[in-house]
Amino acid sequence: MRQDVSDGVLVRRVLEGDTEAFSGLVARHRERGLRFAAGMLGDSADAEEALQDAFVRAYRGLKTCREPDRFGAWFLRILVNRCRTRRAGRRRRDALFVRDEAALERTPSRRAGDPDWREEIDRALAQLDGLQREAFLLKHVEGLEYEEMVPLTGARIPALKMRVKRACDHLRVLLQEVNDARVG
Amino acid sequence: MNARILGLAAVLGALVRPPAAAAQVERLAGRLDERTRAAVTAIVDSVRAAGVPGDPLVNKALEGASKGADGARIVAAVRALAAGLARARAALGTGASEPELVAGAAALRAGAAPSFLERLRGDFPREPLVVPLAVMADLVGRGVPPDTAAVSVLALVRAGVREADLVAFRQSVERDIALGAPAGAAATARAASVGDLATTGVPSTAGQTAPAPHPRKP
Amino acid sequence: MHGSAEDPLIARIAAELRQPPAAHPDFDARVMAAVRRVPPSLPARAWTWLREPRILAVSPLGGLAAAAGVAALIVAGAWAAARPGRAGGRASIAGAPAAARVTPTPVTFVFMAPGARSVAVAGDFDGWDRARMPMRRDPSGLWTLDVPLSPGRYQYVFVVDGRRFVADPAAPRAVGDDFGQPTSVVTVAGGASRAAGGSL
């Protein structure tokens, strides 16, 4: 387990020719990446494909990673772009409601927590404007500061704050009733 | 200190934080809400100058996150651990390794006296103390009175008992306690028998210097 | 932080979304298979050249922007070398704690749970990540996993079916489990003598 080897060390090893060291970076950033991609694209094979795509691009462009010890942030930027490209390439209406049989079977054992509540959340997320959804996930799920979100999204802080606020307002409208019914 | 200032401080801190430490706190990303992450990061940053390692603090925060604890509880636990690591460092000396500090903090937390750590370090300035400290923590955690445990462990270490035998000693004591023996008596009795083997030169039955494997559940 | 961050509903939504999903078991393998197909873009020789301290008179990449990038990499390299070496890390220097020179020992985790669909280990050595260390099941319902660990004391639990935390019945308990759930402890021996090298 490479827990005690930093991202920076792994990046440098890969750049020196140790391709297999990249698997350590994959293992470490796979989960967070999938969480974001699944939030953006729906919990489906699509998210995994986008994530895999992002990793391969990261490997290809690894020499442009200026701060190897901050590989995570650099990689997230690549992933944000991959998700944007994917969304642009398909109709949003279909995206989050496509669940193939395998995914349906996998979902209960792959995710701790309440599957129905999660499905409601996914439905609500699907109705958000893409940039609002993205900003919401980065801020409230990934826990980033607005300053950190600027290089990832290319937007400035006031715009990001507005997107997050609108996303929250919209989610509140969509999910308050569902939430009340669950809790009450 | 309101969360917004904490958040900004975290970002500014990140700008001057050396890369290794940045990697440490990046492990928290996405696992904690912003406020808790900022608070934990602030603790890690503030104790780094005192020689307290950040990884155990990050691990503690991740443990809390994984167990679904709320932010305040996580921050309290991280703070307590940071204090424990600092006390362990004071007792074990500034050259103590991270695993020694972690084990030392656990021993203190379990009820060992700082003097035990100091005596251990004083007797063995160059040996790694992870196992004696860990065994001490486990024994006291299991109900052996701290003084009794300290006497037993010190005696065994001074007798030259190997690390694997110390671990086996702890396992035997736990078995005895599980079977109904009073904790203090179990520790004393086992220590005596292990100590005999060590001083008479009869090979220990506990095995090689590799760490004792987990016993399989029957 | 005000407004939405205080909103309990938003917090609930975020908490649910924050649950780490488990990727398909083949995911890592698929990524590495794709990665191996990528032709190497920067020759190892050139990278080694870049890492050696030199006056930045000539940069193989050319251009001021590239030189700035190279300078950043060299600075980052210097910082990495100055960090105290830890087991498994390359950046070990004279005076680093002896643990830096000790190779990890495989520790076998064992848990009997015939009725479980999945069991994983979560602990200090894997960032308490429920999905990262799945155990292997044998026909009798015994779950095992070998984990290489450097000398030290680690807390951990078994995660059953992705949601239930169970302490290891065969291991000592952590004292004062801080989060209301019992935690197990494993201690790995084997630290080298600190006197080795003599430069502490």
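The letters A, B and C name the chains in turn, as written, and every chain counts its residues from 1.
Basically, a residue touches a chain if its C-beta (ideal position, glycine included) is under 8 Å from a C-beta of that chain, and two chains touch if they have at least 3 such contacts.
Every value quoted in this text rests on a predicted model; they were computed, and no experiment measured them.
Here C is the chain whose Cα centre lies closest to the centre of all protein Cα atoms. Taking the mean Cα position of each chain as its centre, A sits at the greatest distance from chain B.
More C-beta pairs in contact connect the chains of A-C than those of the other pair, out of A-B and A-C.
One inter-chain figure worth recording: chain A and chain C are separated by 20 Å, centre to centre, where each centre is the mean of the chain's CA atoms. The distance from the centre of chain A to the centre of chain B, each centre being the mean of the chain's C-alpha atoms, comes to 35 Å.
In chain C, the residues that reach two or more other chains under the touch definition are 5, 14, 18, 76, 79-80, 83, 86, 127, 129-130, 150.
Residue positions 7, 19-20, 30-31, 33-34 of chain B each touch two or more of the other chains.
Counting partners per residue, chain A has 4, 6, 8, 32, 35, 67-69, 141 as the residues that reach two or more other chains.
In the complex of the two chains, the chain B residues touching chain C come out as 2-4, 7, 18-20, 27, 30-31, 33-35, 56, 58-60, 62-67, 69, 73-74, 76-77, 80, 95, 97-99, 102-103, 106, 109-111, 126-128, 130-131, 133-135, 137-138, 140-142, 163-164, 166-167, 170, 174, 209-211, 213-217.
Listing the residues of chain C that touch chain A in their complex gives 3-5, 7, 9-10, 12-14, 16-24, 27-28, 30-32, 34-36, 38, 40-42, 44, 47-48, 51, 69, 72-73, 76-77, 79-80, 83, 86-91, 104, 117-118, 125-127, 129-133, 147-150, 161-163.
Interface residues of chain B facing chain A in the complex, by the touch rule stated above, are 7-8, 10-11, 19-20, 22-23, 26, 28-34, 37, 55.
For chain C in complex with chain B, the residues that touch the partner chain are 1-2, 5, 11, 14, 18, 76, 79-80, 83, 86, 97-99, 105, 107-112, 122-124, 127-130, 142, 150-153, 155, 165, 168-176, 178-181, 183, 185-195, 200. Of all the residues in chain A, the ones that touch chain B in their complex are 4, 6-8, 32, 35, 67-70, 72-73, 139, 141-145, 147-148.
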